[in-house]
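Chain nomenclature is as follows: A, B, C, D and E, assigned in order of appearance, with residue numbering initiated at 1 for each chain independently.
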Amino acid sequence: QGKEPVKVGLVSSKSGVFAQQGEEVMRAVQFAIDEANAKGGVDGRKVEVQSGDDEGTPDAGRRVAEKLARDGHNLLIGAIPSSISLAIAQNLDRWDAAYFIVASKSDKLTGDTCRARSFRTNHSDAMDIAMINEWAKSLKEKKFAVLAADYVWGRDSGESFKKAAETSGKSVPLSLYVPMGTKDFSPYIAQLKDSGVDAIWVAETGRDAIAFVKQAEEFGLIPKTKLIGHSLIQNFMINGTGKALEGTPGTTAYTPDIDSPRNKAFVTAWKAKFNRLPTDNEGQAYNGAQVMFDGVKLAKSVKPADVSKALRGAQLDTLYGNLTMRAADNQLLLPNYVGRAKVVDGVLRPVVEHTFPPSIIPAPSPLCKM
Amino acid sequence: MSTSSIARIFAFSGAALVAGLALTFGVSSGTVLSLLTQATIFAIFALGVGLLLRQNGMASFGHATYFGSAGYIIGILLQLKAVPAEAAIVLAVLGITGFAFLLGLVIVRVPGIAFGMLTLAVGQMFFLTANRSRGLTGGADGMNIEWPATLFGFPMSAIVQPGNMFMLSWAVLVVCMGGLALGLHGRFGAITEAVRDNEERARFIGIRTLLPRAALFALSAGITSVAGTLTALNTGFVSPESLHWSVSGVALMMVIVGGYKALWGPALGAIVYFLAKDVLGDYANHWMAIFGIALITVIVFSPTGLAGALGRLFKGKRQPRAVAAQATHHTAQATQAEPAKPSAPMARTAH
Amino acid sequence: MSEFVLQADDVAIHYGGVKAVDGVSLTLRRGEIRGLIGPNGAGKSTVIDAITGRVRLTRGKVQLGGQDVTELGPVARRMRGLSRSFQRTSIFGQMPVRRQVELASHKMGVADSGADADAVLRELDLMPMADVIAEDLGYGEQRRLDLALALVGRPSVLLLDEPMAGLSVQESHDLAKHLKALTSRWNVSVLLVEHDMDVVFGISDVVTVFELGRVIASGEPAAVRADPRVREAYLGSAA
Amino acid sequence: MLTINLFNGLVYGALLIVMCSGLALIYGLRRVVNFAHGSLYMLGAYLGFTIASQSNFWVALVAVPAIMALFGVLLDRYGFRLLQDRDPLTVVLVTFGLLLVIEDFVQTVWGKSNLSVATPEALNFSVNLFGTAVPAYRIGVIAVGAGVALGLSLWLKYSRIGLFVRASSTDPTTTAMQGVNTDALSAGVVGLGTALAGLAGVVAAPFLALSPSMSSDVLIDSFVVVVIGGLGSLSGAFVAALVLGLIQSLGAVYLPNLSAVLPFALMVAILLWKPAGFAGSRT
Amino acid sequence: MTALLTLDNINAFYGSAHILHGLSLSVNAGERVALIGRNGVGKTTVVNTILGLAALKGGQIHLGKHALHKPRPYMAAQHGVVVVPQGRRIVANLSVEENLQLGAAVGRKGHWNVPEIYKLFPILQERAHTPGTALSGGQQQMLAVGRALMANPSLILLDEPTEGLAPVIVDQLARIFNQVAGQGTALLLIEQNMSLVVRVAERYCAMAKGSVVAQGRVENTRESLKDLETHVMV
């Protein structure tokens, strides 16, 4: 053949706080690559991959990304936290690389730090918030509390929810912002129990969320008071909390139920290989890898500059159906989902209940100048 | 101070600069150069941490504060477009040094390992604050540093070329180290050593012990902030992780592995750390465990670190008196309760 | 100017209930050596601490060359010529001998601190060890280094807390002779706390005896030696 | 509302007591600030998870401290004892190395996912405490903390071995000269301290989430406690642990904006006021 | 006659510093031996070697019949040889009485117990519950001796017990050493104060540069005193 191979630089967490999610992302990207190679490659090219551990910190993330990119693996993909993605996006021109974001949600990535060579194939915070605004109107409960992680994402989530709920005539008498790394949620649970609300908006991350759910169950907050989760009913959290989240509604970024031909094919292949359904992180990472491959196909080149140019504004066939890569900020315009943790075939997992079309996605940030 | 030792310091610095140049031109791989840059920046960081330990027997578990803050200060100043980038750099380094001096006036009074825990606590306060902040600094997500197109008259794109970036960092390292060697050779060095060895007696020969210790703390923080500045330049990004105590822990590890009795030990430790990690990274998922074991091994087999081991290799220096340390250590404790006696030398109780 | 270089009036140091020093008056004339003896715990070291400003006085006043220094800190007193050595050797363990003596001299504001340090080192026979790290010295040498640190800048008053403790008979005698010679040559006044009776009675011009924080006798060595109260409280068979 | 918050403060305080008494004991005898203590706690929790899922929680409650005690004895014998003549700082760094090794070990054996241990059936009910329902398991945690505090205090004050431990923590060489086998004593005490870390891990497992990063938060909280309490002082650590537990619980409610930095601010304040800590005279 | 302590041709080091050079020494049951020598000849190092605080490299140490291959600080006391260390080393956070109880750690039965010690040193009973280090120097020395007796040892090593003590206290201690020895406990007295040596010891070993260079009998006479002092002058 003699065509230049597609060289993927897979940057994610093998250690550190995000190790578990990192593991999922790595698995799914590897799966996508193996699958592509088995089908004769992408655009007739072999796909090669090298991976590096970002240790969950931007510093290490930048270091391994730079190493991979300078070694020629300059189609980067995979970091979990926004901080690492921001650190990588910043340097793409210097390293002559392109970057595919599959898990980081910060608006900055498509706002003031947007880059011509960085593409987000998952939902941004702004997209989630837009959905929350819609969703809050349809919630039946009247009185809410907010429990959110005390940092940008948690605050944005909690405050937008409060505003949306109050706009649609509901009350939110109690908002609790919990420091990250909190182990013992009992002081907060006591206040939540005391407040007499009908439901609680929960925007917590990872381990904190798991600790909260477990302790809420212990103190009898669950199932008495309903939880509504922002990124709460993710597979790894459901698995970490026993049965506590069963029946909990919440936002979900991907589920195996999404009705598109590509997704069906993906789920079938995944099941054949791993004998289980893909998780949300796995779905999103696979999807990101596909966008990258589509870029190569469209550009007929593996040069990051060409791939980026080809993808900008492109119409893409994805796991989520036929979508646009918005030219203004390189954000993939995805539908968004609300689901509920349910037992299906003996497994507790998020199941989609309501789909919000890409039409509700807010306009691109004016801060983004590419 | 003897002129011959000054000449030696200049000769060594000159040789180091030439070696750096040779590396820059000899190494063509951008990857290797960027790895070396990172290592050099951390060598400066470790130099700062090691300085405090060497000259004052104080182990800081919170120097990440000064490392990370440099990036934040520059980032904020640039984002606000308050001052030109050159001024922002100077302000960051001076500001951190000044702040550390004030903080030092308060915290260096706490003795021993408690000092280490205190620096840890102060550092975590900064980390948590940066983590939950919003707006300008971007909280947990971190912030970009909007460097202008030119810096000190050089185009930014040229500065960040791997070769140039390495040479810049290397030159800064050499200048810092040479400057310290000169400075410590003289009066300031003698004063801080005296305070380290025996604070009580130092007071009785007329040294006001608080100021030199605070000044040393500030100097050490200042050097660390220089490393932070270079990182800001190299990465163009800063986030709360750079303030986290584990970063301070890693720096301290470099210092110990390299050996803090020699000025260049910590720098050696940093470079070894990065090279080893790079080699390990390709082969193992278990770098944490491997590095942990390596750390323990070095500590057990060469208490003066790699620098000490190399020193012994070349000069046949004798081993430190391990038994003596033990005997005096316990005596020091036993006598502490005897109030009428002068307290044992700082260097001993400091542990 | 008063006839006394050092004058402590009715000095008292109480630690809670313990009256370590309880109303003691002491004086030193120029060039005089005053021996201070007394049983363990009598308060000898504490008096030195009081005069040098290492502890706060419960009561009393300290004058140096006729000036009241009661409110001054140890450093200020040292700058005015009040120097001391320590009962437990107190040196800078990791520093070379000359570097620390020179530093001490510089800190005393001596213009040519190098020359001053060399003079002191020569005086105490430490010149051959000038570049040795203090920790590596022998014990006797360390005691002398301790003394050297106290001697730089030519203090007018020297308070010595058991300088002979732990030295051999020979070394004690040598040091005593040295001290005697030095005081007359440099015209410095010495308060010498020491348990070695031969030394104390051998070189002191006057002797003061403490017991339980008070002066029980004071005067010419011979007279003090003969005092029956002193014999009973302190000297025992050594007298 | 106040009741429940005080109660919660006591629960976390009790957990910290178990944690910190081990840290303080090891510091007392070996002059080692054990950075690996948090990892030992984590190891205890994970071992508890495995044992509890194989048999039941109560077996884990007994077996884990026993296994950890053995580990502690080995750690002392082949670690601290060989390093006892070293600069204490380097030993601290050795424990830092150990921390890295244990964390990697836990990740390798139990994976990176979050795990959880179910509350033991026998304590899975609520108790009415001054009109508020509180989980019985948490009362059990308080009881464990109180038991550890009381037991250790009495043991140190009145037993022969306790006397040796106190003596040795001030002056090990002199204590040994009197014929006390300080090697065995230290091994025993480090074993006990490690067992307590394991116990804290097992006790925490049912109400805190298990994850490979659970060690560092607890470690830092424990440091705050032992520093505030005075390094190596047990009674100081007990008081400081309760104070910290209450501060975190009440701070979260009444000073939500400051609650995260409150413990550190307290530590800074205390150290500046009394550089050797609350109860400590030692450094 | 049984030897309680035998040092046979021992070499000892601090790190790489060679301090004891082929030193031999033995103390028999009930004997009172003085080990004399000027500062820094290594007297304390002899004790430290027996305790394992200085490194033994070559030579043999026997405690009674028991050979010490790897000495550790607690072994001597377990074989009935107790040290009153230079500088007293009273344990700071223990009360006077607890310091005494610490001395009984080896649990050997015999004449000495807390009440007997109090009879010997009434001042200690008065201060029984104060911290040991709150005592004055002389009282601390008494406590250190009392603590050693609590082990009911067959041999006590006294390392410069009168250093820095007032002459009256030295007299009192001399009486007590004689009384203890009179009850059958052997003494190894390390001293530079020859007036004490002549009052307590019956045999002396003089050290120079890390080995024993002279031995002989001690009489309580002026001549003997002069004789001993010349040994220390070397």
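Criterion: contacts are C-beta pairs under 8 Å (C-beta built on N, C-alpha and C of every residue); 3 or more make two chains touch, one makes a residue touch a chain.
Note that the structure is predicted; figures quoted are calculated from it, not measured.
Among the other chains, the CA centroid farthest from that of chain E is the one of A.
Interface comparison, A-B versus B-D: the higher number of contacting C-beta pairs is recorded for B-D.
When every chain is reduced to the mean of its CA atoms, the largest separation from chain C belongs to A.
Per-chain Cα centroids separate chain B from chain D by 31 Å. Centre-to-centre separation of chain A and chain D, using mean CA positions: 37 Å.
Per-chain Cα centroids separate chain B from chain E by 49 Å.
Work out the mean CA point of chain A and of chain C, and you get 76 Å between them. In chain A, the residues that reach two or more other chains under the touch definition are 15, 150, 179. Residue numbers of chain E whose C-beta contacts span two or more other chains: 53, 89, 91-93.
The residues of chain C never reach two or more other chains; the list is empty.
The part of chain A that touches chain B in the complex is made up of residues 14-15, 52-53, 56-59, 62-64, 66-67, 70-71, 81-83, 86-87, 90-91, 94, 106, 108, 112-113, 150-153, 155, 179-180. Residues 38-40, 135-139, 163-171, 192, 195, 229, 232-233 of chain E are the ones that touch chain C when the two sit in their complex.
Put simply, chain D touches chain A in their complex at residues 1, 4-5, 8, 11-12, 104, 107, 111-116, 118-119, 126, 132-135, 137-138, 207-209, 211-214, 217-218, 248-250, 252-253, 256, 259-260.
On chain C, the positions that touch chain B within their shared complex are 15, 20, 45-46, 49, 52, 74-75, 78-79, 83-84, 86-88, 90-95, 99-100, 102-104, 106-108, 135, 149, 152.
Partner chain D is touched in their complex by these residues of chain B: 53, 59, 106-107, 109-114, 116-118, 120-122, 124-125, 128-129, 132, 245-246, 249, 252-253, 256, 286, 288-289, 291-296, 299-300, 303, 322-323, 325-327, 330, 333-334, 336-337, 349-351.
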